[in-house]
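Let me begin by handing over the structure; questions about it come next.
Just so it is clear, A, B, C and D label the chains in written order, and each chain counts residues from 1 on its own.
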Amino acid sequence: MSDGIFGVENAWLDAAIRIQLIVGLMTVVVMGLIYLERKILARFQQRLGPTRTGPAGLLQSVADALKLVGKEDLRPRNADPWTFELAPYLVFVPVFLGFVVVPFVAGWEVRVVELGLIYFVSVSSLSIIGWIMAGWGSDNRYAMIGGMRAAAQAISYELPLVLALISVAMVADSYNLEEIVQGQAATPNIVWQPLVVVVFLIAGLAELNRTPFDIPVGESEVVGGPFVEYSGIRWSFFFLAEYAALFIMSLIFAAVFLGGWAWPLGEEWGRGWQLVLVSVKAGTFMFFVFWVRASVPRLRIDQLMSFSWKILLPLMLVQVLINGAVLVYGGSLWILTIAGLVGVGVLAKLVGDAVSQPRPKVVAASAEGEVAS
Amino acid sequence: MTTDGTTPAGDESEASVAELVDTFENTIWPSIDRVLAGVDVRPERGVLDLIVHVPRADVVRALRMLKQGDELQFNYLRSLTAVDNEADGVDVVYHLYSIPKNINVTVKVTLPADDKVLETATTVWQAANWLERETAEMFGIRFTGHPDPRTLLMPEDMTDVFPLLKSHPFAEIELLQGELLGHERGAGGDE
Amino acid sequence: MAITPGTANATPTETTPPAVAPSVPEPFVPTRIMPTEHPSEISRLTPIAPQPGKALYRQVLPGIMQVPADLLLAASRKSSLWPMTFGLACCAIEMIATYMAHYDLDRFGIVPWPSPRQSDVMIVAGTVTKKMAPAVKLLYEQMPNPKWVISMGACATNGGPYTRYDRVLQGVDKIVPVDVYVPGCPPRPEALIDSFLALQDQIMEERSSEGRGV
Amino acid sequence: MVTETAPEFETQDLLINVGPQHPSTHGVFRMVLEVDGEVVKELVPHIGYLHRGAEKLCENNDFRQGVGYMDRTEYLAAHNAELSYVMAVEALAELEVPARAQWIRMILCELNRLSSHFMFFGAFGVDVGVFGTPFVYAWRERETLIDLFEEISGDRMMYAYFRAGGLAWEVPANFKERVHEVLKSSRQGVKDFDGLLTENEIFIARTKNVGIISAEDAIEIGMSGSSLRASGVNLDIRKTEPYLFYDQVEFDVPLGENGDVFDRYYVRLQEMEQSMRIIEQCLERLEDGPIMPEKMPRMLRLPEGQEVYIRTEAPRGEYGVYLVSKGGNKPWRLKVRSACLSNLQALRQMSVGQYVADAIIILGSIDIVLSEVDR
């Protein structure tokens, strides 16, 4: 148990200070993320992104936040009052609860929880209730459909996510995030579990409701999904929760798969280098999410569900079986790597031939082509 | 009366009669005349394609014969509209095209100005559905037997205004730009 | 603020005894021709009056703090105007052109948002017909305060080339209070960017007490 | 392809109003979907929100002023719309258009087909779900095309450049080099879209075997243009009834096989390559000469009691102009045959039984322009 931060002995006071640090860090980071996403997406589309508000547009998200605070607070007349009011908090709070276990740098997590991974997964699945409440409470058909879709998607992608984290915990032989990170001082878990990394990326995208899985909030179909009726500060809660979830998911990805602050030589070079390590690794996950959002179309709800239940889940079950067999009977960990790579090949082949056909030949009828009527 | 090519015994000089009665030899009139044997049809030479006048009573019968006949196969209804000629009624115009034969014909039906009722052509082509709804609400024609006679472009409860009729006035400009600057209405060249 | 014709400065000065009573130019009232309304349409086309907001933060803050608060809020509103994706006709294509890479409204913090609840500006881009008018009014009511309307193009300003047809509403300001008019048919993307700059100046002017005060 | 759900638990159908204001209805089109879960049981389209009486107003203006209304009726392909109207007036007034004007008209119509199809790819990409990249790619190409149109006619969208008898004024001197430049960037644009969307697994999964319409139904409903050719019907007015000099250039007409959303997308992609081929051939055969007939009547008066129905192949399908004149300088009746109106009639038949997300894509694949639907 690390001693209190700033030498504070009282455990409660220490926890309170750390939580305040996290909340402060979170608002700054989320605003930076919103600005970064707009800039990076603009760059993907050969645009400039916000440049006018503040130097190079840096104050853009500050302006957005202040404007949203100043907006009128609307509630549809026949909306269900309590569910409508409470939905933003039920989406926002679980994401912040997840930060208790996140290992930023060697001693800087809020609490070292023995079952850290299980706590993170169970807390992050609470926000689905908020989505459904938002969908149901705002008495709008689009919101209703968006809410139902969000529920279906979150449940069907929760299972592969949990199994992925379990199989990594089996390799790292502990649920405590700090021990998982310390165990990776020599080699990060991505080496042992390549298939699990791919499945975690896919399921992570689905959990965050990002393209190609942004079906609940797909603009072209359900016009913003459950958030259609929210405006002003309530809507910004949803918006901040989405980016906070992205931030926490990228930190967990960095910690569990890329070795967090331990790999390479994290212990020896002290906290400064560890901070650089964690931010670079989390940054790659976030850049991957922005990149996918700019280039991949949206899946349909039935394809999304069948992809999770019929492909991701069986693969993860097989992976857990192989992990168990190798770890119990003492085989070398390299067998896991080979099994993982074979799994990635199987996944690619399943996705590949299920969908794409040879390039369609469109018969070009010359002038006197006969008429197929 | 079907012009069977022979000129009626008239007293005009031979030359003027000849070019008066056009025998449409290079158009598709002969085959149409054969296909529409039972219908009293009057041809007219259009600028681009042949125009055929069909009496109101058996227009749908003629259209079905034109479509189903294996000689002409007009299986594509290009467009259906109406022309308001004020005093002498409204004529409904069908532009047909045969994809296999690559030929065109225009079928016209004149309706008297007082009772504008015509049998629907949706039984022959599905394309006529929306075209007839639009023509009905714009000219005040009632197509009997139309599957769903709601208005298409006008609001649902405005079934008594027919904008494309010549009698329907153009709207007056409510506020002229000049008036805001103090000129009286009609001072400028506002005719 | 619509230009109110000649009321403010028409007061004659009493100091010099006027040789002849100064003829106060009575304001010219344009003869407005009543549009030919179909009975069922009159109820649907009643205009919406702009209602000023409540500005709760001004009741909370002490006097001295109100000026910087106004400035800060107006500056943030000015630099993050979210229009609603709401194109009617040809002007919508020019509006899309302004969002795209060549003219890029994102530089000004202007991002099109699909739902009226989260948007501040309604760009009426195209001809407002009398069948579409109730929908435009509904969208305007759904937008939270402080909201602004840009009437883009000749059709939205006064009916444009389609004025002489009675199914077309001669100007969207007949049903919704408009802040900025953009001339052109369709206006060039630069004109739309200029209208946003004009709207931003207006927002900065409106921030003090007698402005919209929202 | 949708499995029948077990009937015993009673579900209540939901009425969704995809209203006049919706990000992917390409303008003011409204459809009311009756939805059971995610499957569309009934679709009722409502149009007329942009009915602004272009036909009635043309009757009040003389023949030269009608060109402006044609631009605004089909605002994505203004040249093609102007072409039909101008050819109708010339047919009635028996005006002989010089060869150079016809070649320039052909080049501009094909260039406008390119810019209209680019707009379709941009809007369709956003419907399928990519956040904005196809739109920006499409507009990068459209901006180069629009710059060229602006150099020629002085306006970005409403050109009014074709006049009864020929063209308004001479094209700029460097016309040929500019067109070659624009073609190079358009070729790059078509390659980008081919890479971005055609090979994309999720795009194929979303669009293959969705919204299928057979050739017979398409003909029965009166569809035209790429949507009809995607169902395998070989009907292209540039081939069947050649106008301008289309019979002197050779090009192919791409046909789809099973008329689904992917075929409609892919036929348009192929058509763009054919258009570029046509433009290159036209550029070689373009020679100097007058662009207006010498003896143009000062006040265009048309003969008494004549009528004509001219149809040309616009990007969305057959754009026909039926012009009736009873003498004088104003048309007695002008009817615009809108391709989108007929293509839209097939929407209900294609979308019933599919998912809600598919109904949105099917609407996008027909590529409608609302001011042409409602005129």
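The criterion applied here is as follows: a contact is a pair of C-beta atoms (placed from the backbone, for glycine too) under 8 Å apart; a residue touches a chain by one contact, two chains touch by 3 or more.
Just so it is clear, the model here is predicted, and its values are computed rather than measured.
A count of C-beta contacts for the chain pairs A-C and B-C puts A-C on top. Chain centres computed from CA atoms place B at the largest separation from subunit C.
Averaging Cα coordinates per chain places subunit A and subunit D 42 Å apart. Spacing of subunit B relative to subunit C, judged by their CA centroids, is 45 angstrom. With centres taken as mean Cα positions, subunit D sits 25 Å from subunit B.
Touching of two or more other chains is recorded for residues 100-101, 114, 131, 164-165, 167-168 of subunit C. Residue positions of subunit A touching 2 or more other chains, listed in rising order: 45-47, 219, 223, 371, 373. Counting partner chains per residue, subunit B shows two or more touched chains at residues 75, 99, 154-155, 163, 170. Those residues of subunit B that touch subunit D in the shared complex are 46-49, 51, 75-79, 81, 83-84, 93, 95, 99, 102, 104, 106, 125-127, 129-131, 134, 151-155, 163-164, 168, 170. Residues of subunit D that touch subunit B in their complex: 47-48, 51, 53, 55-57, 60, 91-92, 219-222, 233, 235, 240-241, 306-311, 318, 320, 322, 324, 332-333, 335, 337, 341-342, 344-345, 374-375.
Across the interface of their complex, subunit D is touched by residues 41, 44-47, 141-142, 144-145, 211-212, 214-215, 218-221, 223, 293-303, 351-352, 354-357, 359-360, 362-367, 369-373 of subunit A. Listed in rising order, the residues of subunit B touching subunit C in the complex are 154-155, 157-158, 161, 163, 169-177, 179-180, 182, 184-185.
Residue ranges on subunit A touching subunit C, taken from their complex, read 38, 42, 45-53, 57, 59-60, 62-67, 70-74, 219, 223-224, 227-232, 235.
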